[in-house]
Amino acid sequence: MDKLRTALLGATGMVGQRFVKLLENHEMFELSVLAASSASAGKKYRDAAHWCIEGGVPEEIGEMPVVRADLEDVKKEGSIDLVFSALPSEVARAVEAEFAKAGFPVVSDASAYRMEEDVPILIPEVNPEHLELVKKQAKRGWKSFILTNPNCTSNVLILTLKPLQDNFGIKRVMVSTMQSLSGAGWLGVPSMAILDNILPYIKNEEEKVEREALKIMGKFDGSKIIPADFKISASCHRVNVLEGHTEAVFIELGSKADINQVIKAMKDFRGRPQELNLPTAPKNPIIVRAEPDRPQPRLDRYAGNGMSVVVGRIRVDPVFGNGIKYVLVGHNTIRGAAGNAVLSAELAVKEGYI
Amino acid sequence: MDKLRTALLGATGMVGQRFVKLLENHEMFELSVLAASSASAGKKYRDAAHWCIEGGVPEEIGEMPVVRADLEDVKKEGSIDLVFSALPSEVARAVEAEFAKAGFPVVSDASAYRMEEDVPILIPEVNPEHLELVKKQAKRGWKSFILTNPNCTSNVLILTLKPLQDNFGIKRVMVSTMQSLSGAGWLGVPSMAILDNILPYIKNEEEKVEREALKIMGKFDGSKIIPADFKISASCHRVNVLEGHTEAVFIELGSKADINQVIKAMKDFRGRPQELNLPTAPKNPIIVRAEPDRPQPRLDRYAGNGMSVVVGRIRVDPVFGNGIKYVLVGHNTIRGAAGNAVLSAELAVKEGYI
Amino acid sequence: MDKLRTALLGATGMVGQRFVKLLENHEMFELSVLAASSASAGKKYRDAAHWCIEGGVPEEIGEMPVVRADLEDVKKEGSIDLVFSALPSEVARAVEAEFAKAGFPVVSDASAYRMEEDVPILIPEVNPEHLELVKKQAKRGWKSFILTNPNCTSNVLILTLKPLQDNFGIKRVMVSTMQSLSGAGWLGVPSMAILDNILPYIKNEEEKVEREALKIMGKFDGSKIIPADFKISASCHRVNVLEGHTEAVFIELGSKADINQVIKAMKDFRGRPQELNLPTAPKNPIIVRAEPDRPQPRLDRYAGNGMSVVVGRIRVDPVFGNGIKYVLVGHNTIRGAAGNAVLSAELAVKEGYI
Amino acid sequence: MDKLRTALLGATGMVGQRFVKLLENHEMFELSVLAASSASAGKKYRDAAHWCIEGGVPEEIGEMPVVRADLEDVKKEGSIDLVFSALPSEVARAVEAEFAKAGFPVVSDASAYRMEEDVPILIPEVNPEHLELVKKQAKRGWKSFILTNPNCTSNVLILTLKPLQDNFGIKRVMVSTMQSLSGAGWLGVPSMAILDNILPYIKNEEEKVEREALKIMGKFDGSKIIPADFKISASCHRVNVLEGHTEAVFIELGSKADINQVIKAMKDFRGRPQELNLPTAPKNPIIVRAEPDRPQPRLDRYAGNGMSVVVGRIRVDPVFGNGIKYVLVGHNTIRGAAGNAVLSAELAVKEGYI
């Protein structure tokens, strides 16, 4: 099959850079247009991006010009089959709609449309059936659709909740996060703020985690999503780690489960991307480590090329009747952002939506 | 009043150094004997301790000789009224008993005796009435007694739980900690292990937190302590911060409380040390910050000279009916260790136990 | 004596905050006006400054209003005897001249005027006689004058060079710096840029070091400064340290000196501020440590309240005939900035210039 | 050709782990025996090593048993063609001699034999002709020989000095290092020692740098090495970076060179490993970056798979007549240790010594 020509909006930021890495040599997608803010437009990508991933800018992509992230300018670069968006949310609202309206499917990491009734938030292993919801967007008068990513913190959490929900049911979830710097963007956290320190607050983050989980884990009844009915509470904190979110999770299950059953449920968990053998799908969406001191972000963030979530310290929680607790590490800009979007696009193509 | 002559066992470690700072110029106690392991005995304190507190070793104390931490060697240094112990727990068991038996009151930061039925774990603002329990130790044939400190993580947590218990009752507590390096001692955490990383495991720590809270917050009925009957679960993590533990706390209260009532209960909280105006007592055991991004360990750990716990982000927790959540920062080697022990000793003196 | 009323321009930045701390309770100066950019004007100081020094904003000063940093707005706040400036250099050029012209002496940490022929760069212990140069500024039609601080890196280096120059002469100096984050300001270094990293470049820094040293260590012949005639080369690097610059120095002396003579020259070094017993003068401008692993920024930056430079590892350098090498640590925002300016102002008052 | 069977002594440490990674799938060498201290002997490698390289222990090697690092125990594991040693120097002295005497060529990263007259310190691109010196070891009654690596700091420095020596001559070198944590081993630097700090001292390091450079860059006259006759001085410092040494270098060249000539000399530099196209040889031993803020250890340490040294900021040094200065980054446990040893072994095989 010929590769699909893709445009990347917001190509210069931290998530944009991860898209670039993932789309370099991708078997289904070709990175055809790099788009960003007016400040970057007209420059070579190499000069426009403050590149910070080991290995440097891919050679050919570094030489590509950056265009302005709007419909007119992107269209000038030739035909496009698919748009990835890593735009800031305040910009994303208008720009993404413009593309969807004009017939370009948009897979977005921005939060702008996540909570719209006719927009799915997709984790391909968790809720692939929500994909069908995009058809409802025709009512907006759009020729194509917008498909969104969850917030990075939600993403890696929900991947671990899914096998628990399927096997035991979930009543309550508490999560306390230790989030990496890259989630805030290149300029997001000054070094003076975080050295020898923790920041106990990330704007809007807890709200996103508490809201998105119920939608993603909800049921699509053919016309709308019925949110999951468990309760969830988050406390979000920034720590001095480059990449990889660590989350301490406390759960009340719906039914009795011993620890070995929980471990087995997580280890055995596979989803639609594994069935379809999608290019970006990790062999194991969840990797369970037995060592007492794992997972650790520096050692585990690149498990499954950054697409697996690593879980450890699964143990009984004494507070709840059917309580368990564990710690997870997931790569926030790969699984939690660009990687999940690429996987969603792969799914959408295979399922005939693109 | 003449100052009481005190011996400090385990004087060279991280907690030992905090004792040295706190006892320099103390109005009730004189640091008369510095004791440590055989490896340090015979050296000047300056040479034996790997000093790491800003400002350097106090001049006169630096010149004092270190003796071996056992009864015979300490007694050779002259009369002693009181013993502080910052010994490692495996050593503490035998040594502390020796002193108590021989008639020296021991105030200990070691965990060795904490869970013994006749030994109080004291936080002077929280359970001063437990002090009376030391009288039961006479049955051991001891002429004096051992009084213990909680684990550092428990200490700063329980201080914040106390006004909640008093005002609203507590049903369940979940705590996820982000603990500083100093808690593990000078050699405890290699830099290669923690740079750009988090360690999601601290040996025995969760067990201590879950166990000690119920004892400390329990009722002394004149003969024994009846543990508090709420449920508590901890997840403990090490982060790259020098001093100051940060804890994310989720609580189900016993009765409805709005956030302002919770804030007021914490702000108004005072204990026996404040009533007695003890030298090491902070004016406010709990300081509540209103800023969305506080408390932070680097900015807040020295509040109240390291004896206050700083609480922020008090908000409703959606998981429980009467749920609240908040973040706290407390200084683990001052309030969580040496400072609490000194305050306990001050209380014991004022109440006539020493 | 009544305290002099002072205005602080650039009060909200990192150096501005150090000025605030140093002028709180100063025996000669009263902090009467806090001025900053238009963005801060109108706010309380507490809300305008992103305060990051332990202990928090001094209570009363936190409540003071911030005014715009220009002559008209500052004058509205009442009489002023003296102006401290921590303005960014591009703003400083016009604003400081305005004040000097209007009769207000300005002691500035900005680089704008440092290399002007009639403006001294003062380190009170090193070149107090350069103060007289300010009289030449009358030719500009100014009623008062501008007195400048060196760059922070130069400042702490030159303090250690002075006793060497006086005792042995200096032929060549190489300095390789490991500079702290605070020198770049609150937003200067993103955490993503410096975690697990070093930045081997600080814009214009090497040029400043190489240029300023020769002027400061030059001779004032009554009409102009004749630069010192040694050679100097700098290589400047940013490291992940909050405060305190570390510098590795290699020197070819003018004449033979054994290491003990060098140590003695540094230890014995005193300047005019020590003679006059100025309030901010440290007892020892240079502290020499004998331990093999000192100085260290975290342990030594607050020596002499941040006004002493700590030197260690003084040893023979095999490359030069009369070669020595050593390592120094100095506090870049106290001795290297606000503290030096306050000391200069104290000197200027005592010597009758203000 | 059949792969040579190799034993790795000191397999569990930081450098040992790098050897394991480099020898996994090596085209000339097979990792046949893993040897370490008695404490590790008998364990699986996976359990004996405190593995800390991303990606985890190579699967098959993780299952291999560790044997004691002495001749008898290693020989029991079958025939061996070659021994790599990453032993601590105090152990290396006796053990390496035992192997060499018994007919096993030893390529060692330990410092024990570096300064012996008949032992070469080899950097294959710099002094391949020194390899012949091993023949002199026959006089010791050894059937085979020991070949050593330089100290890691020297190694990456000398690689950059070689093209300068060849093209312009070198008179004097000053180097100020900012060395990574891995150089000190897993337990070498406590986190409490280095967070928000710099350690200005590394035991014996400066002596090694000053000594080894002259031997390595010296001339082998057929019977002995005549040391190079330039002068060199080092100041060595530890910084909070995981891997990758950064060095600021100041040089007086023997003859006039403009900066472009220096850049060209470095870029064009190739050695015997590049001629022979050895498996571990990087295409460019030296990579010159033009950006003002490079090299940086986090971004550049893996250049050429950790075998290239990255140089930047090449500029005129005003202190010397023909002065230049620059900054380099090199991977201390790959190029500076295991990688250089593997490259040396490859050279020794191709040149017929093994």
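The chains carry the letters A, B, C and D, assigned in the order they are written, with residues numbered from 1 in each.
In this section, a contact is a pair of C-beta atoms (placed from the backbone, for glycine too) under 8 Å apart; a residue touches a chain by one contact, two chains touch by 3 or more.
Since this is a predicted model, take the numbers as computed values, not measurements.
**Student:** In this assembly, which chains make contact with chain B and also with chain C?
**Tutor:** A, D
**Student:** When I count C-beta pairs in contact, which pair ends up with more: A-B or A-D?
**Tutor:** A-B
**Student:** Could you state the distance in Å from the CA-based centre of chain A to that of chain D?
**Tutor:** 41
**Student:** Nearest whole angstrom, what separates the Cα centre of chain A from the Cα centre of chain C?
**Tutor:** 48
**Student:** On chain C, where are the residues touching two or more other chains?
**Tutor:** Within chain C, residues 52, 195-196, 240-242, 298-299 contact more than one other chain.
**Student:** Given the complex with chain C, which residues does chain D contribute to the contact?
**Tutor:** Of all residues in chain D, those touching chain C are 172-174, 176, 178, 195-201, 203, 210, 231-233, 235, 237, 239-242, 246, 248, 250, 292-299, 312-313, 317-319, 323, 325, 327.
**Student:** List the residues on chain B that touch chain D in their complex, please.
**Tutor:** Those in contact with chain D are residues 14, 52, 181-182, 186-196, 240-242.
**Student:** Quick one: in the complex, what on chain C touches chain B?
**Tutor:** Touching chain B from chain C are residues 52, 54-56, 195-196, 298-299, 302.
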